[in-house]
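Sharing a structure, written as structure tokens. Questions coming.
Should a chain be cited, it is by its letter among A, B, C and D, assigned in written order, with residues numbered from 1 in that chain.
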Amino acid sequence: MSTQSLVTPYRKLREDTLARDRGLREKVMSLEEAAKLVSDGDHVALGGCHLSRTPYAMIWALIRARKQNLTVSRSIASSESDLLLASGVSRHVVTSWFSQGLIWGVSKVMRHYTENKLAVFEEWSHMSMGLRYRAGAMGIPFMPSRTMLGSGVGERLGDGLKTMTCPFTGEELALLPALNPDVALIHVQRCDAYGNAQLDGLQFMDLDIAMAAKRVILTTERIISNEQIRRTPDQTRIPFFTVDAVVEVQIGCAPHECYGVYEPFFSHLDEYAHMTTEDAVKGAQDYLARYYYEPKSWADYLSKLGMDAVLDACRRGRSVHND
Amino acid sequence: MTKHQSGGTTYTASELLCVMAARLLKDGQTVFAGIGVPLLAATLAQHQFAPHLTILFEGGTIGPRIVPGELPPSTNEQRCTRYANMVLPITDVLLLLQRGYVDIGFMGGAQIDRFGNLNSSFIGDADNPKTRLPGTGGGNDISSLTNMIVAMKHEKRRFVPDVDFITSPGWIRGRRSRAEAGLPEGGLWRVVTDLALMGFDEETREMKVLALQHGVTREQVQDNTGFKLLFDRKVETVEPPRKEELATLRRLDPDRRFTA
Amino acid sequence: MSTQSLVTPYRKLREDTLARDRGLREKVMSLEEAAKLVSDGDHVALGGCHLSRTPYAMIWALIRARKQNLTVSRSIASSESDLLLASGVSRHVVTSWFSQGLIWGVSKVMRHYTENKLAVFEEWSHMSMGLRYRAGAMGIPFMPSRTMLGSGVGERLGDGLKTMTCPFTGEELALLPALNPDVALIHVQRCDAYGNAQLDGLQFMDLDIAMAAKRVILTTERIISNEQIRRTPDQTRIPFFTVDAVVEVQIGCAPHECYGVYEPFFSHLDEYAHMTTEDAVKGAQDYLARYYYEPKSWADYLSKLGMDAVLDACRRGRSVHND
Amino acid sequence: MTKHQSGGTTYTASELLCVMAARLLKDGQTVFAGIGVPLLAATLAQHQFAPHLTILFEGGTIGPRIVPGELPPSTNEQRCTRYANMVLPITDVLLLLQRGYVDIGFMGGAQIDRFGNLNSSFIGDADNPKTRLPGTGGGNDISSLTNMIVAMKHEKRRFVPDVDFITSPGWIRGRRSRAEAGLPEGGLWRVVTDLALMGFDEETREMKVLALQHGVTREQVQDNTGFKLLFDRKVETVEPPRKEELATLRRLDPDRRFTA
């Protein structure tokens, strides 16, 4: 692994940030418009984790827009990263764990692309992923930590991981390079037109990712008024000036879950697993054709998942509030 | 699916693992639990004898209550947060391990070696793997930072002299090599399998059988292990799963999602 | 400044933490009982900032208990630290800013004790205070940062501040030593009997302080049930296992403010400033006698502040909710 | 209290500072403001011409609205959070400066030198000070990390050749010394006083007068400064405070808490 441009130099980071329009302004747009904010070759960080708050609608839009050569990072990668590989949008996934989910066995799509060297699965420990985003969010070039030492995971990163002796204690430390993604895709329960976002429940690494990234695209179950945000400012988790696009898209994580709104679409995920078990490539292509390239709109995509499935996922999702 | 039996009670290997692992926990402890057997074992302990045991999940949950029949698909979904004391970002829940608030890390394992190193990354050579496995997740962090219990099936292909790849470090190359690698705290404490309960020699850090599962012989354990095991001076046989333990487990996981 | 034991060695930090009873257990006690958890010579971190959420009731109890030789740290120190010096409880304040407040001019008590070398005011930048607590909270021995370089503030810390060249970028960085206080005193709006605390509004450095400290004493406006906490776990900011004592004490920040409950008692703060203007020492002693040593209880102390003052502060305090 | 006057309008030095400083801000900017004149000036700019200017406060507030007549006693109390877009921990709001989200840091000053270094720690020798001042607060962080405006009274004892102690670094010893000290970004951009508006020479980083307040001469400015000032090739005289500006200010601070 090359350290070349692994960490954005501070002057570059500051210049990039200064160049952004950080004023309080409306930035509501469509999925298709937001997709234009992602350039081929970008490092795209995905919010959420595993089956939770995956920014699926935006990923769907990027795949439909035929983006190329994206590097994708996430705390834990699931079927969305399978599809980013299978669609040719990405050939490089940076994460701590990559498979659809324990209950479906090891992802055949991930295995096909990585074992045949068609794609890179760059593995960091889970905390290291989080600390890399956090260092990026804080504007420091690395974060000291105490894991990955003595392991193959650390060793395999080569110069991507440095070590040092603490000048205060003499202890051996790992130094994790800051990660400032070009773009972050984050799905939230609600935000205003400026991008002030309030997230319920599990936050994952989203706050750090938003602060670290050079551009942020928010998809949201609902756009609320700025006055509503200002009533409970201590509930805002992502400030507007980090955000470049706001897209309102209901059930925007389907077939994954959005805390308090819907649980995962388990039957659909079973279907995906089943389709990709025999022939991972053909299965994934068939899946993409049916659910990604054919639908006219996100609503059309949801209708292919089925009204029963949507209602069931939503009924289960609300259980955290009223059980 | 192997069926085990004792005094008219039948149970699966996974159920046996859950019960035996649960018994290793103590009331008042803080346990960082992975999905599957660890989650079930920790919950079983809470229901049986450790009402004040606190479970942490990697997704960012402190002290939830698992709702019987609504087991989460992983430790990162909203089902993990039911009746929790606190929900926090992933990085911060993992940092609790580094800060030292956690007593026990508790994971499953795919491949383990005589020094308790775990591999969940590559079967075969990492550059040209036979199988690319899903990777570390929080495993490397948990095993680097706290005392670990691993629960896994006892098979020769899983118990190897040296793992193909150290995803989650145990005692590395034994003796003081773990501390010398920069990991002064924690280490693999117990390995629970369907055949035995194992620890590690205090000096050499080699795997050592402490107790046998009901009806299992030393030879059986050794025959299913790919390296020479140490045996404690006093190897006991553990009590088989009790009816109440199995009943609680089956109430928690009625669909046998993790105990089949 | 000596680096000796500036940073707690990792093994010691882990041993200390392991030795704590971290189980889910009730820990409700009185101010007097909680004061016994503070030993002479301890490093005590104070939550809140300036006139906000100051753990005044607990400080009041420590002064009444005649503690000695405490080192006190806080993000911004105000009249509470004046009184810790004047009472003889502390001779060492670690903070970024120390005075009663801009509107009262420079604190005469702070000036008397520091200019006459009766006490040390150890000055760090505000962000540095926060990052020191944060490093302590994260279990790392230092945090890299980009301030205090080239300044007298940094220079005066001597070996307390280290610098290094980043191995990833070649940039010059300051390394801030982790701060793991012996005890943290934190006042919250509500918590349960186990110490799960929910804080409204400004959080200051309290979350990091709680996580960094070796013992935590919470004072709270109100103790609520654990079931109530479990209804909104995403509102919990301090987890029970970091907490060693819970003391219910209403208006527990008086004469400072508690977000959403009461604003500062401005007239009383004017009185304190007035009493200490002419003769800082005598003024502070008179103040301590009247408000610290004479009252029989916290309610008695509040009654000396006056019912009118309490009602007025509470009326203003609630304005964030209903204006 | 000095009274200033222009065309029948009377105003205080602090009011003059607020008005002049406000005019330096631009709509859409993010301004990290201290208590007193900075807070008032930023709010004045919002009311006059910069409705989308975002104010950050050190206590942990993003984009509040200041309620006229309810000015906060510092930037750390609940009055700072009224109608804010977000409230966050102190360390995190200060880290926004380090990450680069802030356009302008805006503070008052007790003592300044020809290179724009500020002292708010010690008058006299730091080891045996004549006066121990309250210290840096966020001043050192703000001045180390972003472009700064300082608003202060213009007095000879405050404008000294070299500050007794560098609490908040400006251009340190001039030329490239700031970057060489490890501060590649930001620096002191403007000093606003009741006599003049000043910047710093691009090369030497010495203080340079850019404009004079209404009715003030170059000699007056130099006479009230403890070191030799540079003067820009084109020194202008700024327009005195307009009635609307003063009226807005007085509505914001009717008790003249910060504008007396």
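Note that a residue touches a chain if its C-beta (ideal position, glycine included) is under 8 Å from a C-beta of that chain, and two chains touch if they have at least 3 such contacts.
None of these values were measured; they are calculated from a predicted model.
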Exercise for review: If every step must land on a chain the current one touches, say how few steps get you from chain A to chain D.
Suggested key: 1
Point to revise | CA centroid of chain A to CA centroid of chain C, Å | key: 38
Check your understanding: Could you state the distance in Å from the CA-based centre of chain B to that of chain D?
Key -> 59
**Study point:** Geometric centre distance via CA averages, chain D-chain C, whole Å
**Key:** 29
Practice item. Give the residues of chain D that touch two or more other chains, as numbers and ranges in rising order. Key: 61, 81, 87-88, 95, 98, 184
Practice item. Quick one: which residues in chain A touch 2 or more of the other chains? Key: 10, 139-140, 145-146, 171, 173, 201-203, 234
Practice item. Work through the pairs of chains, note which ones touch, and then classify the graph as line, ring, star, complete or other. Key: other
Check your understanding: Every touching chain pair, please?
Key -> A-B, A-C, A-D, B-C, C-D
Practice item. Note which residues of chain C are touching chain A in the complex, please. Key: 3, 6-7, 9-10, 139-146, 162, 164, 166-169, 171, 173, 175, 177-178, 200-203, 234
Review point. Contact residues on chain A for chain D in the complex?
Key: 10-11, 13-14, 17-18, 21-25, 137-140, 194, 196, 211, 226, 229-230, 233-234, 236, 239-242
Study note, to complete from the structure: In their shared complex, chain C is touched by residues of chain B numbered 27-30, 52-54, 61-65, 81, 83-88, 95, 98-101, 103, 184-185
Review point. Chain B touches which residues of chain A in the complex?
Key: 49-52, 75-76, 95-99, 101-103, 106-107, 110-111, 114-115, 121, 123-128, 130-131, 133-134, 145-153, 156, 163, 171-174, 201-208, 257, 259-260, 263-264, 266, 317, 319-320, 323
Point to revise | Touching residues on chain B, where the partner in the complex is chain A | key: 35-36, 58-61, 67, 70, 73-74, 76-82, 87-91, 94-95, 97-98, 119, 121, 126, 129, 131-141, 144-145, 165-169, 172, 177-178, 181-184, 257
